[in-house]
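Common to both upcoming complexes is subunit A, partnered first by subunit B, then by subunit C.
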Partner chain A sequence: MSNHIDGSRNSCALHGALLVIEAIDGAVPVIHSNAGCGFHYFLGLNRLNAGGDAFGGPPVSSSNISEKHVVFGGSSRLREQLKNTIKVVEADLYFIVSGCSTEMVGDDIPAMTKEGREQDFPVIYANTPGFRGDVHQGYQIAAKALVEQLPELLREKRPRAQGVVNLWGIIPHQDPFWAGNLEQIGRLMEGIGLKPNLLLGYGQDLDGWHRVPDAELNIVVSIWGETTAALLEERYGTPAITLGGLPVGAAAGRMLRAVSDKLGLEAERTERFIQAEESRLNRHLGAFADTYYRAGFQRDFALVGESAQVVGLSEFLTYTLGMVPRTLVITDNPSGEAKSTLHSSLSALVEGWGAELFFDEDHAAISALVRSGGAGLVLGSALEEAVADELGVPFLQVSFPLSGRVVLNRGYAGYQGATALLEDLGSLILSHALNVEVSSPASLCRTETVYHS
Partner chain B sequence: MSLLKAKSPRIREKRLDTLNAWLGRADEAIAEFSGEDTVQRIRTFSQSTQDDLLYALRLLAGIRNSVVVIHAPRGCAAAALYHRVSSGTGRWIVSNLDQRDTIMGADRKLRKAVVGAFRQYSPEVIFIIASPVAAINNDDIQAVVEELHEELELPIVPVYVTGFASRNAVTGYDIALHAILKHLAGPRGEHQRTAGVNLLSVVENGRDRLEAERLLLRLGVELNTLPDQASAASFRLATQARLSLSLDQDSENYLGLILRDEYGVPYVEQPRPIGIGATGRWLLEAGRALGIEDAARELHEQESGLLRRELGDFSLQGVRVYIALSVATAFALSDLVAEFGGQVAGITVGHLDQLHKARLKELVLQHPSLQLHVADGQPFEELNIVRRLAPDLYIGDVAHISQVGRLGIPVVSLENTPVLGYNGVAGLARSVSLALKNRSFAAALAKTPTPYTEAWYRRSPNWHIKKEVR
Partner chain C sequence: MSEKRGKHIAIYGKGGIGKSTTTSNISAALAEAGYRVIQIGCDPKSDSTTILRGGNDLPTVLDTLREQSRVRIEDISAIGFGGVLCIEAGGPVPGVGCAGRGINAAIELLQELKVFEEYKPDFVLYDVLGDVVCGGFAVPIRDGIADRAFVVTSSDFMAIFAANNLFKAINKYAPSGGARLGGVIANSIQHPYSQPLIDDFAVQADVPVIGYVPRSITVAQSELFGKTVIEALPESEQAGVYRNLARHIDENLDSVIPKPLNGPELKKWARTWGDRILAVETGVVQKMESI
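On to the complex of A and B.
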């Protein structure tokens, strides 16, 4: 049985599906639910990722069912809404997603989809009531629907593309840096001669989704891409590589070597590319070093975020930037099995540095963990700002939800992403160091947590 | 019988014949509310918009020392996350209903969530917000309220929103205010009157509320502002006040009426203080009701004199403005546009009902052929209208304002811009001047297409509005 949550940051399955659909160029969601479901999504998801909505407002098609439909059923309302959406809204794909009430009433969404298809409309559907899970399940449900139903819409056979690799597990906006992260990982794949199929974000349209079966490899960035990769292996026999976290800095080299190895690419070329990327990052580290020492950059940190972020960022912070992990909180509700995988992949970091690893999504509980752990730097969502203030330490917003920070194309993945993170953290710590100098002596004392470890 | 005996107030459609879909001339709108029965309209194509749950959540986020328990699946808390993160208000817990709960019921889970909220925050009051799932499930919220009210010894207020019973989100304010008064205002009837005055402020911009308070405090009025930033005690105090002053009749009307009809507190209802003239009339009316008319007149002369000097030669001469706002604000702003010599090209309001008959008549006198569009968050209709009218400026507080911007028209958002009183005029004049002076962002934005087909733009904008068949 699920428990009540204080200040949840994971919203619901419907909202997770909307995140996916709105990140595909040419796809339009048709919501079959109450009027407010899409508006909740706009306020609680789009608006908390300043720079987040695809259409310039709340979702553009929603059946907005009323009491009559709850009592007598709303299938005919959906039929009408779908037909008119096709006339009013420009799209290549209409993707019906359902909400709690229409699922409880038992509206026949597959039948309405079938009717649409019979009239040659490009329509697919997914059952996404909020009571089925959070945004992560929504991502999985939407990806599954796309993989399973899109081939049915394809009329002619297309020539098979070569060297394609699909990317899975980066959830738009739930990772605020999703677009930049996908582009960075894509750039790295191009660097070793592959054709990355990012699937979501700028310029990612249905063509990419139709190429999914062509891929030679599925790259699974977070645990949330695993079910899709398994489905593709079953349907098309495509192998997969699981990264277990965002590849930031050196981890990007490991990813490139693994992919190169798996696909039998020319090792020398891959190494040359990695060397070039690494040497640029090293140059940045060298240039930053004076600030690092002057600002007292090195300190212990608390990090609150999705599993892929916690794994990827904490590794770079610890093994490259010399920071000391203290409290790590994973907020995306991994299943029991995924939890133990995460435990083991983070064990060196946790045991080696005396850090503590927690799994929680309850705002009050997370704040308490960060508070009692103490740290000289907090990285998390806007919800952790208050506890960082209490500790009197610098605070960087890296996970959902954001406030007071605009992210359009910034990514923390890859080597360039590592430089971006260095820029953000460096600016923050530098300005904080200067501010503390001019304020009271008392605030100086509060930054001493680094000695307690 | 007392109105507060009922579990919830009647929905706006039934109480005030409220329409949320309509397009026509303002004089035709008057006719809609003059006959016996107002015919409701429905849309055969619609877009996501606000509902009663969202409005109630927003109102309750402004009550101090409270916690909201959202009795729903997790997604119904998304807007609450927004309020918490963007304005730091509203502490909440979601009961997180799952598939099993939708079959078995979830009273036990609600009880646990309420107890959890109590332990975590030790609030003065706990609100339980219902949801579509709770409504369809018919969860016995009342039983939980009665049991825990005794056990925890604090008021627990159930707010019976459904998300589907009314097409007008503003019903959510009524439901929340009904619940608050029912549970927090104390026994009905005539009370010993205090010298205090209720300032009814429902989800106003914080700086707007401060501006209204500033003006009334300068007149020496003893204020009790509610429900914005009120505590549980404010509602009990409100029943003993000398009178209630309005800021926005659409949102607060139910609160004013209940305080008047159930507790005998006179309700001074008047147009919003937006624009120099309207602010003066608002202030004078308040002064008259409180017997300090001269002081009010003097304050208006002083403030408006200062403001006019600050405005300099600000003018809207030759500027055609489209207005898309909640209805009381839209009417007030259309007066302001006229006050500065501008022309109102058209108006979209969120809803329209019996409360607006008098204002509609005034509007028709001023702008005889004005087109009125009634829609809450239906940008497909609005963009169709606005693209035809091609106004020089669009002023709105709508969620789809950036979609309107894609038409290449300069846009001023009032969502976070204060508009009330003398400071409101000054701020608005600054925003409008800048928007008209440099239109390059609108031109840049026009390179992003709007989501709609060209075929739709050729259709009449009210194509999908139909009379409801009963």
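On to the complex of A and C.
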């Protein structure tokens, strides 16, 4: 039996591809679909998460096909749209992405791409109808198209870069802290002498994507980076390291040691860097200790987010901050195989602390899980705010979609990310405790009653 | 509305089976009997109504829709033999676009143009191409369009296969208000086994056969003149066959929900006939009833 999904946080494959393209400097998407696809993307994703990409949102190029293109084929409309886009916007790459209607009809998008290339324009394409999957599959399809087709656009051989590591699996905006997280992981790689290839975000252009085959290692942050890493291993023999989640705090040290081992880097240098980073984080934790005990910081928590966030944040919250995991909900629809991997990587939390792990993307179902779990702190998306209010507990927005919270460069990955999370949580819990004290005359009344009796 | 609407009939069958010829002759016979008839060709080949119109060109609904934003009934229809209003839905060139969606769009436009309200037909015949390969080709038998569907088949296995597919589609849509099956029209009857084979298939699928159209030179002759048999050779025996079919469609409103055979059943059934046909072709002498 099919179920409806209430308030899904996972948009379609086309949108996943657009998130990738818009996060690459100099890349311009050309949507081949009906009009609503591009606008829905803006309403559903960009506007909720600040947006701010160079080319995207409502003015995105789209063939806006109508019924006659469905009946008679829309390839010529795409040809015209590509031509017009090239006239209006100068770009390093024109990236055609398709929607459901044009894929159902079977428009010959590769032929239009070829036509563009024959006229010396840098054009690639990806088939991204929504029925191929959600935003995560869209990310994978776009990354695959870039890896496979960009080498065809390259005219001259480039010198091979040394010490490059590619980062995969962080989906722009679907992880609201994507830019900061990428930068934090990049900073750590630099710390042990590597050249991180972030690929997406500020200052990331096609040059980085052309360097992808040069990399010595692919670092896979979430399950959504695995197919790209597998493709690169197959094509270029590049090895990969799978993190299975955001490296927050101590997990960053494990990541650095694994990378260092794999690439045979100087272990001493790696350890020096880890120590410096750790001691700074420890300093912050020490400075926070007094507040921690005064505010009764330790409590049960419910965490709702994508697999990489749930794995990364819950580990830090539990092992470093001493919180108690109660309800963990993973919302990014992992495959059966990925689910069992996630089960085993979270088994220590589940078995040791009696936490419950769920896979769900239905708003109402997730709220019910959080409600019945009864945590003293809720971390999730804006959609979980209501249930946190019901429980009367502090609530921190950490996953998509955000609302009423601006995130530009904040990240929770790495050691500095751990400090940022500590700051956010600390402020939240302190202000919540203060609000309850001031705005709860009921508790004062109760005290009086006790006094009189 | 329903009394003005007239009887809407969809005629299906494998391509090249003589579907358009049969439909056009039924339209002509109905028109000859004094009814107002619309025949709508639902096929990108757009040659359903050719022999009703003396072979003249007729712009298709979809071509017209593509070229002009405002379409009038006059632009997309022609009056053929006996006043039959001829319309061709048209469609994309082979290998491009979506013909199924085309049928959908064309029928929507005809409804928007109020063709049926204005022309007030007694009969509307939809001549639908080939096999029911996807949802678009099932549009005429969905709720609110045709009331009854007929399938034209010869004794070729592929034609039977296509007929069985139509039965599957009717089986799916009829319970939710879609068309039911009026019956099977057996066409191109020329071998001794043709009629018993189609009869046997009809028994298997629990559907009636409403007429047998023998293969006849008069049909080919008339088509070469760009005419239906009813128009070109009204006194011929073949014309009588088509008139009988038209009369059946007019007078007998019975309809059924067929019981299509599944893949293995259909193959098994075909194999039994393969043996019998081989016996006929190789000259095994046996009684007629056993065939």
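Assume the second predicted complex is superposed on the first by the 429 of 453 C-alpha atoms of A that agree within 3 Å, B and C clash if a C-alpha of one lies under 4 Å from a C-alpha of the other, contacts with A are read in each partner's own complex, and residues count from 1 in each chain.
Methods note: contacts are C-beta pairs under 8 Å (C-beta built on N, C-alpha and C of every residue); 3 or more make two chains touch, one makes a residue touch a chain.
In this text, all values refer to a predicted model and were calculated from it rather than measured experimentally.
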item	value
Contacts of A:V105 with subunit B and subunit C, given as first, second, both or neither	both
Which of subunit B and subunit C A:G73 touches, first, second, both or neither	second
Which of subunit B and subunit C A:I429 touches, first, second, both or neither	neither
Subunit C versus subunit B, contacts on subunit A by residue	B
First, second, both or neither for A:A295, with subunit B first and subunit C second	neither
First, second, both or neither for A:A418, with subunit B first and subunit C second	neither
Partner chain(s) touched by A:A145 [first = subunit B, second = subunit C, both, neither]	neither
Partner chain(s) touched by A:V324 [first = subunit B, second = subunit C, both, neither]	neither
Partner chain(s) touched by A:L188 [first = subunit B, second = subunit C, both, neither]	neither
Touching both subunit C and subunit B, counted on subunit A across the two superposed complexes	67, 69-70, 104-105
Complex contact set, residues of subunit B against subunit A	43-51, 53-54, 69, 72-82, 84-86, 91-102, 109, 112-113, 116-117, 120, 132-133, 136-137, 162-165, 167, 169, 377, 379-380, 398-406, 448-453, 455-456, 464
Touching residues on subunit C, where the partner in the complex is subunit A	62, 65-66, 91-93, 96-99, 101-102, 105
Complex interface listing, subunit A residues touching subunit B	1-15, 28, 31, 34-45, 47-48, 53, 55-67, 69-70, 80-81, 84-85, 87-90, 99-101, 104-105, 129-132, 134, 364, 382-383, 401, 403
Of all residues in subunit A, those that touch subunit C in their complex	67-75, 104-105
